[in-house]
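I have placed the structure first, in the form of structure tokens, so that the comments after it can refer back to it.
Chain naming follows the written order as A, B, C and D, and within any one chain the residues start at number 1.
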Amino acid sequence: MRLENKRVMVTQSDDYMGPAITSLFSTEGAQVTTREKPVPTGKAFSTWVREMPVYDVVVANLAHDPCSSAVDNIDNEDWQALFETLVHPLMHLVRHFAPKMAERGYGKIIAITSAAPLRGIPGSTAYCAARGAQNAFIRATGLEFAARGVNINAVAQNYVSNPAYFPDDLVASERFQKHLARNVPIGRVAKDTESAELALFLASNASDFIVGQVVPFSGGWATNT
Amino acid sequence: MRLENKRVMVTQSDDYMGPAITSLFSTEGAQVTTREKPVPTGKAFSTWVREMPVYDVVVANLAHDPCSSAVDNIDNEDWQALFETLVHPLMHLVRHFAPKMAERGYGKIIAITSAAPLRGIPGSTAYCAARGAQNAFIRATGLEFAARGVNINAVAQNYVSNPAYFPDDLVASERFQKHLARNVPIGRVAKDTESAELALFLASNASDFIVGQVVPFSGGWATNT
Amino acid sequence: MRLENKRVMVTQSDDYMGPAITSLFSTEGAQVTTREKPVPTGKAFSTWVREMPVYDVVVANLAHDPCSSAVDNIDNEDWQALFETLVHPLMHLVRHFAPKMAERGYGKIIAITSAAPLRGIPGSTAYCAARGAQNAFIRATGLEFAARGVNINAVAQNYVSNPAYFPDDLVASERFQKHLARNVPIGRVAKDTESAELALFLASNASDFIVGQVVPFSGGWATNT
Amino acid sequence: MRLENKRVMVTQSDDYMGPAITSLFSTEGAQVTTREKPVPTGKAFSTWVREMPVYDVVVANLAHDPCSSAVDNIDNEDWQALFETLVHPLMHLVRHFAPKMAERGYGKIIAITSAAPLRGIPGSTAYCAARGAQNAFIRATGLEFAARGVNINAVAQNYVSNPAYFPDDLVASERFQKHLARNVPIGRVAKDTESAELALFLASNASDFIVGQVVPFSGGWATNT
């Protein structure tokens, strides 16, 4: 029961790592509040958070189709949507919650981001840019709040099973298995429950000394940050 | 004359590294075209580039006040302005020029970005996010165009003299000199001409094997990418 | 009981993170075997391991005085001792245990190394070199064994309380507290039990997807690997 | 003539990048002294440098067969030889030359190392460890001497043509070409003259602000440090 009585907010809870994290954190004793829809910005954000408690843990689980395409064909709307869905809401979440956590002297924010910008992926450059903005924001805000009892870190994942990015039929295909064998040292995709375990570690008191860290979680595909 | 007869575009040419790069590249034989104003996006960008040649070298020199503030006080308009000025125009520039350079089999894009996201700077987290998006985009697009004769790289600088970020009177102050002594191993700020020399190296044929690289340029303050 | 019935070897168990890891891992159900003395190399190593079981977890806890000095005064014997104590035994441990773990399809090796080489510390350059060799070896061997059920990772720590590097009286001094405030975002040193928690995470099944990772653990002092 | 009248020492000058650097630096006006044999350590080193001038530039070009093998089969003598040839002489060179350069307020040390430890290469883990020690030592000593007019940096290369590591017949093979296409974004190996151009940049006054930097040079294979 490593999150006993902790109040946790998980955003975009039906997507990406939302289901696995909600499930694991609940099992560990947390009272998990979820928001299924994407996190809004501006006034809609203010309205949403107005009556909200200061959660002990906020999981900034923000996801969007990677909108993969050659650079030549990056679509303006896709580009904007990536920043609207992944980047600006993350700022809103941290700007709202981190100072309140700091006042109280305790809090954890875990962003579920991506390892894509750690190595760079041709054909997914818009996605790399948006996820890179997230990772950089987490690092900098993690350092800003480090001395005030708030831990802000990121799980920078790739090759983690989930219906949107790595659905089972894709993973099962011969072509993808060859890709895995050549490019991912561990030779398999992770279950989403495995990623949730890293999020749990970062949400628990066991990681109180870890701040501003972007932790690669990609089976050895990326080990640098 | 390391850029003899090269056609070069330098954006936002009165700001940041624009003057130093324009001057040095001209001395090295380049025909430098400058755009003084910030680079627009959307239709205004299309209008701007409509009649434009395929430059041999594009210096994506994009700058904006860092809008430093505590996370609590990040201003929505500042945040948007940073992405509007630094991030979205970079995508437009690369999306327009890199494919045309690739068709021809030759070209260099050098983005003048920042080392800030490489370490993270409390109090400048919005700036870190925007510059982090730039660095991530350069890395990914650099790899995408690597095999087609186009070199896309970034100068990730900090502690380089320029009127906007490190004006002479700030640098001369006792407080800043103490800060330099404690935080910047080399103990001084660089002249903008020194940064221009790194841009020149990345613009010249001498660096044809370097792609997708974000080169820290900060007197030892940041050495990781 | 996250290490229930796991057989664990902790080396140099009276030094560095040895006591904290031995204690925590035992509490979590592990059967911990310790070796107090430094790990030997060559024939002495072979003799030592001859009758040894294949442990489920090996904690390569190797420590040596950092032998801090200006580069001018690096002592040949200090230099050799650092490599003899930190680097060569790590190779012996991984070479002996990882293949046996791989045969069985399961095992965890956690090296307790240092964040020093991640940033570089003037005045401790010999130590940085030796710890840098460790980190590089862990990264490469972690990838080599990734697909065979063996997880090899490192805790790259700095500013963790321990009698040798950060004894209590040093930490309590005004000078060191100023140093912490200026250089370590979190503003304090970690207890050794906190570092042991990260080692525990890396030793448990919760981190099966993490390989070849050098995890910075330094309160935000270093966040890059 | 970017090295006009500069006195340069190139070590192990018949190996690795020695011939290309000696040739290019001479063309640029340098007076290049070469040492063909591997750099010794201990007394033999002292004897060698006894009558030596303080060079303006020292190119620590140290090379050894990578002794590739599975971890299981790392040979004790190979392991020792890698550290004896690559690591310990680098310490001797920096310890001898950097302080003398610092007294005079000017000097450049460029180590030709490897990108291998930046990503980790299964099957070449001993080599990764030794090159990782080099890179860590360069970073730390680069910071130590930064404020005294001495620039210490490394070219961390991979996929650069040279008779020992990437001989022409290997490069020409279909298998290697496939490997290049899959793993090296730029899709080719560099000529040694291209690596020499980066060394030249780091040896010239154009890079006076760059210290403690390990510059990846691998056609996009590794872009992190």
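To be clear about the criterion, a residue touches a chain if its C-beta (ideal position, glycine included) is under 8 Å from a C-beta of that chain, and two chains touch if they have at least 3 such contacts.
Note that this is a predicted model, so its numbers are computed, not measured.
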Relative to subunit A, chain with the most remote C-alpha centre: D
A-C compared against C-D, more contacting pairs: C-D
Subunit C-subunit D separation of Cα centroids, rounded to whole Å: 28
Geometric centre distance via CA averages, subunit D-subunit A, whole Å: 39
Where subunit D touches two or more other chains, by residue: 119-120, 122, 139, 142-143, 185, 212, 223-225
Residue numbers on subunit D that touch subunit B, as the complex places them: 139, 142-143, 146-147, 160, 185-187, 190, 194-195, 197-198, 200-201, 206-217, 219-220, 223-225
Subunit A-touching residues of subunit B, taken from the complex the two chains share: 42, 70-72, 74, 76, 79, 83, 87-88, 91, 94-95, 98-99, 116-117, 119-126, 128-137, 139-145, 212
Of subunit D, residues touching subunit A in the complex: 118-120, 122, 182, 185, 223-225
